[in-house]
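Naming follows writing order (A, B and C), and every chain is counted from residue 1.
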Amino acid sequence: MIRCESVTYVYQRGTPVETTALADVSLEIRSGEIVGIIGATGSGKSTLVQHFNGLLRPTRGRVYLDDVDIHAREVDRRRLRQQIGLLFQYPEHQLFEETVSADVAFGPRNLGVAGQELDRRVRGALERVGLDPDRFGPRSPFALSNGEMRRVAIAGILAMEPRMLILDEPTAGLDPLSRQEILDHIRRLHDERGLTIVLVSHSMDAVARLCRRLIVMDRGRVVADGAARSVFADPARLAALGLGLPQVTLCAQRLRERGLPVRPDVLTVEEGRAAILEAVAVRARGAS
Amino acid sequence: MYRAGTPDAVPALRGVDLDVSPGECVALIGGNGSGKSTLAKHLNALLTPTSGAVRVDGIDTRDADRVWDVRQRVGMIFENPDDQLVAAIVEEDVAFGCENLGLPPAEIRARVDAALRLVGLEHLRRRPPHLLSGGQKQRVAIAGVLAMRPRCLVLDEATAMLDPRGQAEVMETALRLCRHEGLALVLITHAMEEAALADRVVVLADGRVALAGPPAEVFSRAEPLARLRIEPPPIARLARLLAASGLPLPPGILTVEQLVEALSPLGAAP
Amino acid sequence: MELLRSFAFGQYVPVESPVHRLDPRTKILAALALVAGTFAIGTFAGLAVLTVFLAAAIAAGRIAPGYVVRGLRPVFWLLAIAVALQVLFGEGGGHPVFRRGPLVVTRENLLLGAFYGYRVVLLVVATTLMMFTTSPVELTDGMERLLRPFRRAGVPAHELALMMTIALRFIPTLLEETEKIMKAQMARGAEFSQGSLVRRARALVPLLVPLFVGAFRRADALALAMEARCYRGGEHRTRMRQLEMRRADYVALAVVAVAIAVALGPPAAWHAP
């Protein structure tokens, strides 16, 4: 649904601090996918996703939504932003209304939604992030916990009923419990509601559990794009790019170096257990 | 170094007892609202206990005349790297604490240079902080505290907002200061991999100490941890699953290195 | 936004030069003297003297003339309007050189307009030269030291300097935050650059509220961090960086004084052309 063709983006062009944030990036994200974009700070991943909803305009190259150039004159920017929901890092910092309901309503209201339809959307969005609309709706967003505020911010995008949801570091700065909750909600939005999801992160851990496809960025370029497992099969390279590897993956790698034939692409504790037990069994058979 | 017997009237903390010695690293963990940050603020007299006492090098934090002695001895690093640097140039920020102590200029200069060297940032001394990475900003904050010659460093979720590289930088710096310079280190953290590196883990819940002990011991207590909704570090869980499946593993494995070490004999060429 | 940005980074040109090395107090005092001087000068000859002096100072400061011209850009329109008003509606009387309907341009008014206009140019050049050669941090330090003797009279020198420092430190951060919140609200369908003035003003609410909430949150956090680092006001406080007036500083001040004296000329010449 979103396709980038040789997108290059240069910040502060014509000044001494000119920097190329994106260099010749081509990729496609298809409807119904759940994709992770990973890269260290400054690798260009946040700049890239801002091209998806037209907040940034490529210096060179084109971005298409359903084969229509999003910067073509006839494209309505609001409709574009409605379809491609983008949530920035620490999205709770964008809340401003007096009540949670009013804040969630901000997006759809800008799109001209009103009355019962607006009410339905606000309630639906809050429910989808696990917040009871009757309990949380009338409260001030500033009186909530960090995790709750972040879920309100996500609801604010969901209420616009986008086809794609892009989340930049959705779990940053949260405690493990809230982190897990947010990831569960994101997974459910994909599995149950068929939303296309793009997760942007510098940490593999969060992305590894959710995404089937990974795009790895380094200094403005896409350096890997493929199934999560194939990307993880080269962890030494990922570590060199400054990305946090899941500890289980790291462990499997080290064991291989020590001669135990553990699959290198394990991501979770359960997978790690199965892979190590299998490797030990193989070794034991070989020894006997 | 500390003795904290803390309030019962205040719901935030109730009867916490905790000692931290020089060169020791203690991790404080617990969910939101468990009282971790409240406790941290008691350590350098940003808060004082309603009942009970906090002592730093024998100084009672309620002693109003010695508040500055307490704060000089206990350096705090906070969560948001952007909200704790005061000056528009790195070395001036590092000097800020010493200037507040009223030290002579030459002495401040020497301490600032030494502190920047200890955190490995001497090459950035003339930079404005907003051009640094998150990890570098936190190291500047650590240098600012170090220049005051503290006895103890408190990291209050100081890595929560950083990327993996920044997290590693800050942890490496803090642990080195603890191990080699003899600073007491209090780590308040949500990251169990970090807590696993401490000498001692203290789990707070509802303002009380729910569990305490060496990390290997605390993280092996699956049931109370599950009740407190704390998930042990992934490697601890993996090791426990493997041991349950019959692999000969010693108890108390927490880190990748330990697990690899314990499993390597199985990988040795037959 | 641009204004803030230039305030934040100053217009400092980081090169090595004898002017850069001067004590900030010297440069502040010199700039003040030059500003006062240009106001007192009443002859084109005087302005010419100052022009020569400033040109020499710019060369000594290794500032590209192009920068100086660019530094005048923000005041260009102000200047143009002021000069135009003087030329068209001044009360100089005298010889008309141009006439169309009610508009009369006289030679005297043209001269006066040029004189006042050029005076402002010199004034701006003198202050920008100070900004070009002194970093905002040094300026803050210099101001604090200069104001210190007035502390008894209730001038909060330390507090003013600290405010400046914190402003310098946080403006880039707040600018980044502003940009981020704007984009976040635009992603929710907000428009900041369309519609009537009232609509645009109303569109600012979703930007300003989070910005203020954020600024207060930062202020709280910063206050706590400062307290944790033993901050307790200006009393007892020392500074790492010591300012030192060297021989070059006294020489520079003397040169400025001479230049202004020469530009003013003998008292008899104190009249407008």
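Going forward, a contact is a pair of C-beta atoms (placed from the backbone, for glycine too) under 8 Å apart; a residue touches a chain by one contact, two chains touch by 3 or more.
Just so it is clear, the model here is predicted, and its values are computed rather than measured.
Q: Which chains lie in contact with each of chain A and chain B?
A: Per touch definition, common to chain A and chain B: C.
Q: Return the chain pair with more inter-chain C-beta contacts, choosing between B-C and A-C.
A: B-C
Q: Would you mind pulling out the distance in Å between where the CA atoms of chain A average out and where those of chain B do?
A: 30
Q: How many Å are there between the centre of chain A and the centre of chain C, using C-alpha atoms for each centre?
A: About 45 Å, centre to centre.
Q: Quick one: which residues in chain C touch 2 or more of the other chains?
A: Chain C, residues with two or more chain partners: not present.
Q: Can you list the residues on chain C that touch chain B in the complex?
A: Residue positions touching the partner: 136-137, 165-166, 168-169, 172-173, 176, 217-218, 221-222, 224-232, 236-242.
Q: Going by the contact rule at the top, pick out the chain B residues touching chain A in the complex.
A: Result: residues 31-32, 79, 133-134, 160-161, 163-167, 190, 192-193, 229-231, 233-235, 237-238, 241-242, 245, 247, 256, 259-260, 263-264, 266-270 of chain B touch chain A.
Q: What residues of chain A sit close enough to touch chain C in their complex?
A: 50, 53, 55, 78, 81-82, 85-88, 91, 93-96, 106-107, 110-111, 142, 156-157, 160
Q: Touching chain A in the complex: which residues of chain C?
A: By the definition above, chain C touches chain A via 177, 180-181, 183-191, 205-206, 209-210, 213-214.
Q: Okay, in this complex, where on chain B does chain C touch?
A: 44, 46, 68, 71-72, 75-76, 78, 80, 82-89, 91-92, 95-105, 108-109, 112, 128-130, 141, 144-145, 148
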